[in-house]
Amino acid sequence: MTSSRTLLVISAHAGDFVWRAGGAIALATSRGERAKVVCLSYGERGESAKAWRAGRTLEEIKAIRREEAENAAAELGAEIEFLDAGDYPLVESRELVDRLVRVYRDVVPDVVLTHTLADPYNGDHPAAARMALQARVLAQAIGYEAPGEPLGAPPVFFFEPHQPEQCDFRPEVLLDITPVFDRKRKAMECLPAQQHMWDYYTDLAKRRGVQLRRNAGPNLGLAHDTVGEAYMRLYPQVTDVLS
Amino acid sequence: MTSSRTLLVISAHAGDFVWRAGGAIALATSRGERAKVVCLSYGERGESAKAWRAGRTLEEIKAIRREEAENAAAELGAEIEFLDAGDYPLVESRELVDRLVRVYRDVVPDVVLTHTLADPYNGDHPAAARMALQARVLAQAIGYEAPGEPLGAPPVFFFEPHQPEQCDFRPEVLLDITPVFDRKRKAMECLPAQQHMWDYYTDLAKRRGVQLRRNAGPNLGLAHDTVGEAYMRLYPQVTDVLS
Amino acid sequence: MTSSRTLLVISAHAGDFVWRAGGAIALATSRGERAKVVCLSYGERGESAKAWRAGRTLEEIKAIRREEAENAAAELGAEIEFLDAGDYPLVESRELVDRLVRVYRDVVPDVVLTHTLADPYNGDHPAAARMALQARVLAQAIGYEAPGEPLGAPPVFFFEPHQPEQCDFRPEVLLDITPVFDRKRKAMECLPAQQHMWDYYTDLAKRRGVQLRRNAGPNLGLAHDTVGEAYMRLYPQVTDVLS
Amino acid sequence: MTSSRTLLVISAHAGDFVWRAGGAIALATSRGERAKVVCLSYGERGESAKAWRAGRTLEEIKAIRREEAENAAAELGAEIEFLDAGDYPLVESRELVDRLVRVYRDVVPDVVLTHTLADPYNGDHPAAARMALQARVLAQAIGYEAPGEPLGAPPVFFFEPHQPEQCDFRPEVLLDITPVFDRKRKAMECLPAQQHMWDYYTDLAKRRGVQLRRNAGPNLGLAHDTVGEAYMRLYPQVTDVLS
Amino acid sequence: MTSSRTLLVISAHAGDFVWRAGGAIALATSRGERAKVVCLSYGERGESAKAWRAGRTLEEIKAIRREEAENAAAELGAEIEFLDAGDYPLVESRELVDRLVRVYRDVVPDVVLTHTLADPYNGDHPAAARMALQARVLAQAIGYEAPGEPLGAPPVFFFEPHQPEQCDFRPEVLLDITPVFDRKRKAMECLPAQQHMWDYYTDLAKRRGVQLRRNAGPNLGLAHDTVGEAYMRLYPQVTDVLS
Amino acid sequence: MTSSRTLLVISAHAGDFVWRAGGAIALATSRGERAKVVCLSYGERGESAKAWRAGRTLEEIKAIRREEAENAAAELGAEIEFLDAGDYPLVESRELVDRLVRVYRDVVPDVVLTHTLADPYNGDHPAAARMALQARVLAQAIGYEAPGEPLGAPPVFFFEPHQPEQCDFRPEVLLDITPVFDRKRKAMECLPAQQHMWDYYTDLAKRRGVQLRRNAGPNLGLAHDTVGEAYMRLYPQVTDVLS
């Protein structure tokens, strides 16, 4: 049943999906689900300081970032698409939103992951989130002109930003990524320009794992090396069991 | 597997669990789970206006309320216990918290339901919630002197208050109670003194059902007569799948 | 005195004013006040699913929606104007804001009603609200080039969105619409494509009526069939009596 | 009609009602309404620094504060009652709440004024507010044993604390006290030990007056010497006209 | 050491920096630091009512406002630059943000002051703040094409809006401007068209001074004529001593 | 000058001050300031699981915890006092608050550190904070009967709880504890029963160090091994320089 599910990740820059949602992606693909990542930009200007300092050209940097992200996506078992909309700033436009509507209508996701709506350290992240959310609503309208059927109402999760407390981020969902963490680590290692992040996000995974164990129900018996990712929900959870 | 799960509901007055959590209780018992309701008081002073106007004595009112609540619990398949701590006001005390610790240690709940922490219309509700939460934390400590093993960390859900918006209540979890709504209705009808509430909470169930359908994922195919109950979480959700 | 007052309602789509502010409009006109509704779009793409499924063209749908809204406005005793700015998405622009400035300068409203600033289910609603608010401020400036005198500072009320709790909506003002509810119901019935909404908003009116009675001062003696609409204020209330 | 209305002010210390609600009280009594002030303490320990430094005894200080407050109340046309419950700290107790229930049942207020629920500079203020609110709810219950009839649901307003922004105070209601400000000033001058407050609260009245003019509807024509007091509401406003 | 520090103030209109940050500017320049003010517009349409009523042309008004602001800046010892981007509305654009990036790269500020992100009375203020913040982040990126070195991470402070409580403004930093208040007063007096503001902001300075004394540590010994300005922080304070 | 300053830390249990404020304490004492820690309880019931499982008696556990805390305090150069008020639950009482008032009057702190006011995982923490804050206000009143002079207004900082996001904790102050981190680590190692915490709080210190560098002004030149502690402020910062 779950093998027909699809996860859609919409991120501002090429590397975001790895640090922030690599575990969720690997969990989905390990269950046989489809995962699709859409990168609005390569993060060529704002998140490639090392390459700029090494004197690379803009086009070279985009190519490097693209290849790295493709490698990371492959490690996670995900498809990846780049919209090359430019970063720093990522400029919101009706055209870009329309491209995302078409992605939604094509992919028909069961779950959507994107950035938080606030991030005082990086304006591209909220811009990506606003477009991802607007496109999701537009894709639901039968009257919106784009190929495909009107979308249902897939739940939206915000992944954890780099400085969560300054972005009004509060873990509402703690996702146990223990079984796939080695794949997340390998995917992170596909991004050599940000090597200091490998340990940073490994430490964060442990930290969220500690919280997972503290908040888990009594019978789950989580191991001491549990690692996790944290998410917020935009919409209420719909369920038939409280747990 | 789920048949060994236990739901604990801690409420201030005898009728609260019916209006606010009757669906969750019936869902649990319909799955073969155990459900236990603890009423801190009978609601004898604050929620029995009709009986007072009819000239009943305090003891008569408590007996009436008790019988009605027992009938409603039976309809929902739940056990019920009354602590008879008095209402209007429900006075917080270390002794009452201790009694709740012993309930936790005895029942070993997998899930806990209680009132919201804010309610400007009824101070007994937050008082009950504060004690329910304090007792849950105390029951976790091996050093707390009470029979039984230290409690795990069962998730806590706040059920919906009568005027939710004034109580900072925002539906975070929408529970589909469609399959058991007839039992919730029958349980409500066990409380004849508050007959105006039967329709009020039936209307609310429909309203939450409309929201359920609007927030459900694309493949759920919820029927038009879906009815629901809304809950908030105190602690983050722990899960291994985002949905 | 009050017969010289004017109510201005600015909404995103053709039907919004009926469900959400029909009572306030009918109350105003029943007191002999002027009420003017401005619809930024017809809701042709996002709120006309039935007509799209019936194979209607865009122009046909706009004509249908226009006629329905005109009928509803007539039932409520209100004037109505359509700016035909398109929906899904309703695109914010300086030109559209300028048109609203001219409406303000022309109508000189004493009270303004519009959407909430947050609505994760419908981006057109906040877009309409942002433009309505920006235009109100611009219209106050003597230096803004548009016909008419600088506007005063009419209070602004946000009407209730479809899923209020997810839109940070909290009833701050409960308006008793009992004397005019039959006119609101008739106005709703002018919108046959959304027949499921008639009962939904009738139930909501009852729900807000119950809260009206619970929050009314001791001497108001509200009847059991009281119905209401809920609003939020953007600015502080100015008064010479606390009540 | 309004001459039968009653205003009840519940404050922690003897002087609070003058600085924070003197205008509202004078407005009420100038309309022929009844106003009753209940002071839970004299502010003998926490708000009488000058007298302590002058070497007065506790009993002398209480007598001084009492007389001053009586004079101020007389200036405002209000009755005043002292519960002498002690301050710094004002200790919450069931007995004190019960005394307030009896006040409510006796006075039958149409409007209630009290402190905000947060004040990091003075714990007595929130303690007074919590008791005032709890007693109001208890007084509504027919089953609560106290003389008189069950109370209705009088609206509650929080008056402005000394450092409003640190107390989560946001002006929601701006009350025009211009016609009675001279009486408020005279009442303030009945409190000579806090002379620095006379100008402080006169300046605040001007500041709130500026905001009154900025937020008033276009036709009110408020004069430049408008002065005001700010309030928050605990419960939604109930009305039949939006303004 | 501090003589090499630079303060950058980005404001929407020509006068804003005087009322809201004149003390901070004068303090900085009195310590020998550089202060630079950037006015995005002259406030020619929205904040020059007197001149419009006197029949001045747009160009005349801009010239008047410019001269007044230059005089005020001189009084405070600050440099000033006008971007002449128009007001009411101040329209956000990528070009204007780019101009601000260049200012940042050129000035290399140690501290940045700007408007709050919310202001329901004046949309230009949040627009200016959003651009000031976006430009600050862009200026940090080595890949952003503009002269100069990538910016560090200067702290950002929001100065106090005219109606602070409605703008979610809460004093987080109280700045003692006593030694330079006479210069702030003289700078205010350079703006004759808004004479009513001189006393308004002098009263506010006293009010913030009272709070300064109430919140100061025990040994500061602040005088009774202490005056202050209030600020909020966007980012956490970085320090090596708690005080 | 600073050598006469005093830091007061009020915590619920014996170990809290080490994990959460060890760096701030060591910084203060390394500057020659006095630091005093007051532990309301030993954490004997709620935070000594290992000892309970090892079959120790209550008195043994208290003695162990006391010795460990004394060792940790010595490592940090701080004085320590135990009020032995019991934990799980730490019961608030007027007597305990009075003891704290006497501590304030005796120690005359320049800065106060305590727990956050919210912590859904441990009710003792907010209870300690409430008493610490109430005592601070009482100690300021000349009329409060206790030895010593009325207290000034020392600023209060909340240290970081174990699960900060669930406790409404947001880093407002990032304290650079790099020069003293080795002493904090040694102090942590004085608490062998909670060995898993050593690395947890070392990781947290690194995480806060990363944020320190990201939020530091451009000229600070912080090293890559910067470590930090995070704090919130209860009251506004008072300063004469923005930085």
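The first chain written gets the first letter, and so on, giving A, B, C, D, E and F; residue counts start at 1 in each chain.
Just so it is clear, a contact is a pair of C-beta atoms (placed from the backbone, for glycine too) under 8 Å apart; a residue touches a chain by one contact, two chains touch by 3 or more.
This structure is a prediction, so every number in the text was calculated from the model and none was measured.
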- Note on the structure: Those chains that touch chain D and also touch chain C are B, E
- Item | For chain C paired with chain F, centre-to-centre distance based on mean C-alpha positions, whole Å | 53
- Could you grab the centroid distance between chain D and chain E? Build each centroid from C-alpha atoms only and quote it in angstrom. 37
- Query: What are the residues of chain A that contact at least two other chains?
  - Reply: 121, 166, 171, 211, 214, 235-236
- Chain adjacency by touch: line, ring, star, complete or other shape? other
- Contact residues on chain A for chain B in the complex? 7, 24, 27, 31, 108, 110-111, 113, 151-155, 157, 171-176, 211-212, 214-220, 230-231, 233, 235-243
- Item | chain C residues within the chain B interface of the complex | 121, 163-166, 169-171, 200, 203-204, 206-207, 210-211, 214
- Could you please specify the touching residues of chain C with respect to chain E in the complex? 94, 97, 133-134, 137-138, 141-144, 150, 234-236
- Query: Hey, which residues of chain E end up touching chain C in the complex?
  - Reply: 44-46, 48-49, 52-53, 58, 61, 88-89, 91, 120-123, 166
